[in-house]
Structures are given as C-alpha cells and as structure tokens.
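Before anything else, here is the set of structures, which you'll find just below.
What follows is chain A paired twice: with chain B in the first complex and chain C in the second.
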Partner chain A sequence: MKLYRRFFMIHLKSAFQYKISFLLISIGQFFTAFMVFVGVKFMFDRFHTVKGYTYSEVLLCFSIVLMAFTLAEMFVRGFDTFSHIIANGEFDRVLLRPRNEIFLVLAGKMELSRVGRLLQSIIILAYGINTCEIIWSWDKIVTLILMICGGTVIFACLFIIFAALCFFTLEGLEFMNVFTDGAREHGKYPFDIYGKKIFKFCTYIIPYTLFQYYPFLYLTGREDNKLYMLLPIVASLFAIPSIMLWKFGVRHYKSTGS
Partner chain B sequence: MIQVEHISKTFKVSRRSAGFLEAFKALFHREYECVKALDDISFNIDEGEMVGYIGPNGAGKSSTIKVLSGILTPDSGSCHINGRIPWKERTAHVKDIGVVFGQRSQLWWDVPVVDSFLLLRDIYKIPDKLYQNNLDELVNLLDIEQIIRTPTRQLSLGQRMRCEIAASLLHSPKILFLDEPTIGLDAVSKIAVRDFILELNRNHKTTVILTTHDMQDIEYLTKRIILIGKGKILMDGSLENIRKEYTDTKRLTIDFIGEDIQLVEGMKFILQEKNHGVIDIDSKMLTVSDAISILSSQVKLNDISVTGPSVDEVVAQLYQKYHI
Partner chain C sequence: MKKYMSLLRMRFISGIQYRSAALAGIVTQYVWGFMLILGFKAFYDADASAFPMSFDALVSYIWLNQAFLAMFMPWITDTDILESIRDGSVAYELCRPVQLYPMWFYKSMANRLSRAVLRCFPIIIAALFLPRPFKLLAPSDFGALSAFLLSLFIGFLLVVAFGMITYIITFYTLSSNGIRIVIIGTVEFFAGSIIPLPFFPENIRKIVELLPFASMQNVALRIYSGDIIGIEIIFRIVLQLFWFIAIYLIGNYLMRKAMRHVVIQGG
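What follows is the complex of A and B.
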C-alpha cells in the first residue's frame, strides 16, 4: 500500500508537470459527461418516466455507473492502454521487477485527468440523492457504496480481460469498447428497459445487472429482499475468471523487438 | 553461476508482401513462418566473469537476455542461475539481477531521477541503510550528483544512461545484463560507462553479460566472447585466442631515416612515403622481431609501432566466415 501511494505521488507529480494540459483535459471530461446529462434531461422533459423510472432515479443510476466507470478508468488505466505497454516493451520491465505483475501494471499508469468526469458524476449523484424520494437509512447508503465499488470492479475486470487478449493479438481490440464505453452509456438506465435478451447477457455473461439493476431495485424500494443489496459483492467474483485469463496470457507473452 | 543447456525458442513471424491488396488479404489469411530465434544454446558463466555476447542484428542476443532474465519462456532446454530457473521463479530471480536496455528507459519520464530511485527502493524493498550506501557509491562513481535532481526528460542521452545503470544496481544485483549500454553515446560518456563497469566488476565481483555492436566495449571490458548467429552459438572463447586464430597479419608503422627499403617475402607495403611507411607482416611467414631486424639493418628507425587488426576487423572476418 505504501508502494502504491508512492506510485500515486509520482503520477500526481507527472500530471502537474503539464498543468494546462491536465486542466483542459479535466474540463473537457467534465463537459462530455455534462452533455450526456443534458441529453437525459431533455428526454425526461418529454416523457417524464422511462418504464416507470423517474428522472431523479435515472440520474442516480447514471451517476453510479458513470462514477464506477470513471474510477476504473482512472486507476486501472494500465490495463485499458495495455496494448501500448506491450507494443513499446514496457511489459518487459514489469516482468523484471520482483513484484506481482498485476499490481505493477495497475500502479504503473493512472489517468488523473479523469477527475473532471468524476466531479461531474458526484454532482449528478448529489442532485439525484436530493431530488429522489429515497429515505437514506444505513442499508441504503451501504447499497449505494457497494454499487459503486462493485461497478468499479466489473469495469476493472473488463479492462483486465481486454489486456489479457492483447497477449494473443499484440494490439488493442477496439470492438471490446462496446462492453466498457457501451455499458457506461447504456448503464444510465436500469438494464431491464432494453429487453430480455440484453438483460440476460448483462446478467450471465458480464454481470452488469448485479451491481446496477438488482441493487438499484432495493435502493429505490421496489424490492425488499436484503440479498439484493449484497449482489455487487457477488458481481466482484467476476474478477476470478478475469485474473485467470490474465495469468494464462502472461504465460503466452512474447516480447517484441530488441 | 549461470548454466544454460540446449535452449531453443521459436517465434512465429507473419509475412506478407507490400501493398494495399496484400494487406487486405492478410486480414483473412496470414502466412506464418517459424523463425528459430534460439537454436540449442548452451554455455556456462562463472561468478565475477565479464562476457561479451556478440552477433549481428537479429542473431538472438536480446532473446537470450530475455530468457536469462525470466521474461521469455524457452520452448525447450534448461537454465539455472544461482540454482533457480528464471522463468519459473521469476520474482525471486529478478531480485538478483539488474538489466539495462540501452534503447529503453526504466526511469519515470516526468519526475526527477531521484524520485524514480526512491520508487525502485520500495519496489525491491531495499533496506534504507543499504540503499543509502549504494546510492552514495553509484552517485560518486558515475558522477551523477547534480543530474539526479533533474527530470529524466531533460537529461542528455549520456546522462540518462548513467542514471539507468545506477537504477539497475540500486538493489546490489549479483548479475548485470547490459543490452547495448553505449549505443548512441559520445566518447566521454562511453569511457565513463566502461570505466564504471570495470570498477563494479572489480569491487563487487558482479557478473556482467554485455551485448553490444561496439567492439571497443568488448575489447575494453571482456576477456571472453560468445558469438551468436542465426540463433546458434558459433564460438565461445577468449578474445586473445580468437584474435590470434583469425588474423595472421600484424601492422608495422615506422618512421625512418634512410633510402628505400627492400622487403622480403611476407612483408608488404600498405603506405610508402619518404621517411614514413606502413607495412603488413604475414605472421605465418615471419615474426615481428625478424621483420624489425630486417628493417633496421637497412635504415635507421626513429619510431615504430606494432598493431594487430582491430577487433572490428576480427569480428567482420568472423561474420564472414560463418556467413551471418
């Protein structure tokens, strides 16, 4: 942990070396997320509810997914951009260090300029919490936190899976973004609005619904079963196959160049 | 200390001709060719030895280093370093080795070098006291006291290389792999790096394995060279022996006073001027001392120097001989 903190400080120092760039990217990130928010707002000006979900409920859902995605992108950036790490031989370095390679890749890259989007998601979350009719008892607060953490883990796992595939293709697979960027965009509405097939995919193949839909039902009082609030923890088990695939990939690693 | 036995490694390389159509075809159907990067490689290296590992580009030098440092798993063969198999006990193994890639940096680009050093201290869990000692020594020997306060991106190549070497030695490794450490360096930096490596080997008995294309590095640093070409080890021996074996000519450069010189068989003028000459001697036919006495019997010699062929020439001959 101490080592992670040191890595973090180095990334912070590096980011501050390019102050203007850091600031502009952060602001840009803030506004892209803001436009999506505006989109949601216009839609609700017309329709008022989507499949029974109110405006503030959707905002809540949206902000949770956005925050989870942003946190994952900030701190698991190393896996997101893993094709570069392989291509320029940085991964050789990683293998030369007497530490766990997942930790080193994780700590080796952080995208702190995503802080703009994080701020945006916090604002939307605050707004959603304020306007919705949920009574915030302790179990609802725990549910909310678990949803964010579970979501971060799921997105992190997806990044790790993409990275593991890079060992075989040696380049990034752009279509994989469907599962991350796509989920971020579509995750602003609870997944049941997309129909049965997609819902099943999002439960059994990639367990999005376990951190979004089911606990969200509990959060909004549609469902009283306390088990639903713990589902994000179950979703985190997705990490096991992801890491196994990664380990398998490392064994297949072929270095590049001289 | 290092035992390598019958290591082989094959890479699949995809091939296609140039052109858009070919690129399009390759999307659906790729032709692969197997390239033997390492083909039955065996050698032993003792503790404290300095070995030059040479060969043309693509011969398998870097692949060997990658296998020895645990990055690559070979297809077959065995390798024991300090009793460990590098790719099986990677984390334990890499604590004992330092690796410098001349073409790649291990320092963090935007922060002062010393920050990178501190990070490495934590990565390798180097005890504070040992770290301080090592740092003081390295800073002194490599003369980087001022430099390490500067961000890496603002360093010149020579300065950076010295910092890279320091970074690889902070955890006092027993074995140091240097992959083209002097590439692109100016004369002063090259000499500084070479002197440091010699010093390191003398003081700490660090085993050094060096790959380079700069034959002066080899001449200066190593007694033993291993020649690799097309994935095979072609030769393994001391530099002196190889030199003797592969070159039969010695070159005499003389300044003299007197009229012209009659040469005997086995001697040949390369350059002939008034009072100055360069003569090649075929050492199979006569010795250098014979040649000198022949010359001195005819003219008054003011100055004389004897040189063998440069290592570059020897290596070029070797490459030619093995068709690599």
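What follows is the complex of A and C.
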C-alpha cells in the first residue's frame, strides 16, 4: 500500500509537470461527458419518462455508471493500454521485478486527467440526488456506494480480461470496447430498457445488472428485498475468473521485445 | 492535381490493408447501432407521439451513421500529421514541391475513405436484411438516393476541411490534445451523433441546424430516410456547400499564416 502511494505521488507529480496540458485534457473530458448529459436532458425534455424511470432516476443511474467507469479507467489504465506494454517488450521488465505483476501493471500507469470526467459524474450525481424523491436512509447510502464500487470492480475486471487476451493476440482488440465504452454509453439507462436478450447478456455473461439494475431497483424503492443491495458484492466475484484468465495468460507469455 | 490524386491513391491502398481492424470495427459498430436503436425504441414505447421523426427514419439514420462512421467522426485524426508537427518532420514536407494544405487534405480524405469503404458495405447489407423494426429501408426513390449521395460527399469534404483546422491549431499550441477533445465533443454533439438533431428542443434546433456541424452527416442521413424532402433538400445542400467553401478558405488562410511563423521543432 505504501508503495502504491509512492507510485501515485509520482504519477501525480508527472501529470503536474505539464500543467496546461493536464488542465486542458481534464476540461476536455469534463466537456465530453457534459455533452452526453445534455443529450440525456434533451431526450427527457421530450419524453419525460422511459419505461417508468424519471429523469432524475436516470441521472442517478447515469452518474453511477460513469463514475465507476471513470474510476476504473483512472486507476486500471495500465491494463487498458496493456497492448503497448506487450508490444514494446516492457512486460519483460515487469516480470523481472520482485513484486506481483498485477500490482506493477496497476501502479505503472494512471490516467489522472480523467478527473474532469469524474467531476462531471459527481455533479450529475449531486443533481440527481437533489431532485429525486428517494429518502436517504443509511441503507440507501450504502447501496449507492456499493453500486459505485461494484461497477468499478466490473470495469476493472474487463480491462484485465482484455489485457489477458493481449497475451494471445499481441494487439489490442478494438471490438472489446463494446463491453467497456459501450456499457458506459448505454448503461446510462437501466439495462432493462434494452429488452430481454440484452438484459440476460448483461446479467449472466458480464454481470453489469448486478451493480446497475438490481441495486438501482432497491435504491429507487421499486424493490424492498435487502438482498438486492448486496448484489454489487456478488458482482465483484467476477474478479476471480478475470484474474484466473490473466494468470493463465502470463504463463503463456512469450516475449516480443528486443 | 495529378500528384495529389496519386497521393490519395497511395494512402487509400495502404489504408485498406488493415482488414482485421476493419472487421473488429464492423462488429463494434453493428452492436453499437443495435444498442442505440433499442434505446430509442424504449423512448418510442414510452411516448410515440413525442417522437420527432418516424421510427423507420431513425433506424435508417442510425445504421447509415454507423456504416459511414469513419467518414464523419471527428475523433478520427491522422496521428502522423499531428506527430509531424510535434517532432518537426513537417520540415521535410515543406521542402517538397507540393502545397501543404491540399496534401494533408487528400491524405486525411484517403485515410477516412479507406476505412469507410471497408466497413460500410457489410453493415449496410446486414442492416438491409434485419426484421422490420430494425431494418434499414431502401430510400423512397432514385432522386432521394442521388441527393443523399451528393449530400454525403459534400458533408464528407466539410468534415475533412474542418479536421484541417484542428491540425493547423497544432502549429500554434503544439500539445493540442485538450483543445482537440473539446472540439471533438462539440462537433459530435452538434453534428447529431449523440442524439440526432430532430430530438433537440425546437428553438435550439433552429439555430443548431444553421451551424456548420449540422451540414456534416445530418443532412445526408435525413435525406435518405425521407426526413428532409422537396425544396428543403436544395436549401440544405446549398448550405452545406457554403460551409464547405467557408471552412476550406479559413483553413487555407490559417495555414498560410501559420507557415509565416512556423518554428520547426526538434533537431
């Protein structure tokens, strides 16, 4: 943990070496997310509800998914861009070091300029909390936090899986973005609006709905079963197959560098 | 002219070599299009009367937007152009007996075109054979189809000309990442690729439709789906032409100005 903090400080310092660039990229990130938000607003100005979900409820859902994705992208960026590490042979260096390789890849890269998007998601969340009719008892607050954490874990696992696949393909797989960027974009609405087949996929193949839809039902008072609030923890079990796949990939690793 | 055309051909041929990347892109865009349609369908089911265009028109809009994504998306940039400004190798380009603006113009045209050519047909063909609410319908008549193709082409030229301005900005700022992200976000939104322009509130839409961004893919896609008809087609295409010429001239002017002050980076 202490080492991780050291790494974090180094990344922070290096980001601040290029202050203007860092600031502009953060503003850009903020702005892009803001535009998506305006899109949602325009849709709800016109339609008012979708499948019974109100505007502020959708904003809650949107901000939670956006925040989870952004946190994962900030801190698990090393896996997201893992194809570069493989391609230029840097992974050899990682393997030589006397630490766990997951830790080293994790700490080796952080994308702190995503803070702009994080800020945007916090604003939307605050706005959603303010305007929705949820009474914020402790269990709802816990649910909200669990949703964000669970989502971060799921997105992080997806990044790890893509990285693991790089061991076999040696290059990034663009269509994998469907599962990360796609879930961020389309997960702004609760997944049940997309119909049964997509919903099943998002439950049994990649457990998005366990951190998004089901706890969201509990959060908005559509469901009283307390189990729903704990489902993000179940979703985090997704980490087990992901890390197994990663370990399997590492064993198959053949160096590409020179 | 001939040298630029051969440059275009060269880049085009090298661009279509990336077939596996194209396949991945096709799958991505196909899934993406499907999710978008399903999302809009949920809104349609919520309140069909508030839907500003027919559902079939929207479906065509989404499929064609996905099919021609590489032609219009602002986030597709020629990284080697940006790189050449940053590391100073642009100096070599300046030594050649060609003009920089048209050279880059054709280069980015070829880059986008080669990606689009590989991707558009599989997506269009697959979408044509889907069952009804998801089906890409054929255009209403031959006139609409030819107007669509013309508008598509002008819109494409406009996107390339607009991209040129973002490259030229790099001469002034060097690290243009942040500015570019802001520009990309703006273009995406006002060109109607986050939500189609008809979904904008009425009074905002009236202004947005006059901006250059609305002359990119918006016009062509809506001509195809029959959302823009009759005399309005001519008006919109003239507006597209106007914006293309304006942005082209501004780009040329900025380029000349930048060339006068250019400082070559690197050693």
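As a working rule, the second predicted complex is superposed on the first by the 257 of 258 C-alpha atoms of A that agree within 3 Å, B and C clash if a C-alpha of one lies under 4 Å from a C-alpha of the other, contacts with A are read in each partner's own complex, and residues count from 1 in each chain.
Everything below uses one rule, namely that a residue touches a chain if its C-beta (ideal position, glycine included) is under 8 Å from a C-beta of that chain, and two chains touch if they have at least 3 such contacts.
These numbers come from a predicted model, not from an experiment.
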item	value
Three-chain arrangement built on chain A, chain B and chain C clash or fit	fit
Contacts of A:Ser21 with chain B and chain C, given as first, second, both or neither	second
Chain touching more of chain A, residue-wise (chain B, chain C)	C
Which superposed partner A:Val36 touches (first chain B, second chain C, both, neither)	second
First (chain B), second (chain C), both or neither touched by A:Leu227	neither
Contacts of A:Gly195 with chain B and chain C, given as first, second, both or neither	second
First (chain B), second (chain C), both or neither touched by A:Val178	second
Which of chain B and chain C A:Lys254 touches, first, second, both or neither	first
Which superposed partner A:Pro98 touches (first chain B, second chain C, both, neither)	first
First (chain B), second (chain C), both or neither touched by A:Phe47	second
Inter-chain angle, chain B to chain C through the CA centre of chain A, in degrees rounded to a multiple of 10	90
Three-chain overlay, closest Cα atoms of chain B and chain C, distance in Å	5
Common interface residues of chain A - those touching chain B in one complex and chain C in the other	18
List of chain C residues in touch with chain A within their complex	21, 24-25, 27-28, 31-32, 35-36, 38-39, 41-43, 45-47, 50, 52, 175, 177-182, 184-186, 188-189, 194-195, 199-201
Touching residues on chain A, where the partner in the complex is chain B	2-3, 6-7, 10, 13-14, 17-18, 88-90, 92-93, 95-100, 104, 251, 253-255, 257-258
Contacting residues of chain B [partner chain A, same complex]	11, 57, 62, 66, 69-73, 90-92, 94-95, 97, 99, 101, 103-104, 106, 108-111, 115-116, 118-119, 122-124, 151, 179
Touching residues on chain A, where the partner in the complex is chain C	18, 20-21, 23-29, 31-32, 34-36, 38-39, 42-43, 45-51, 173-175, 177-178, 182, 185-186, 189, 193-195, 198
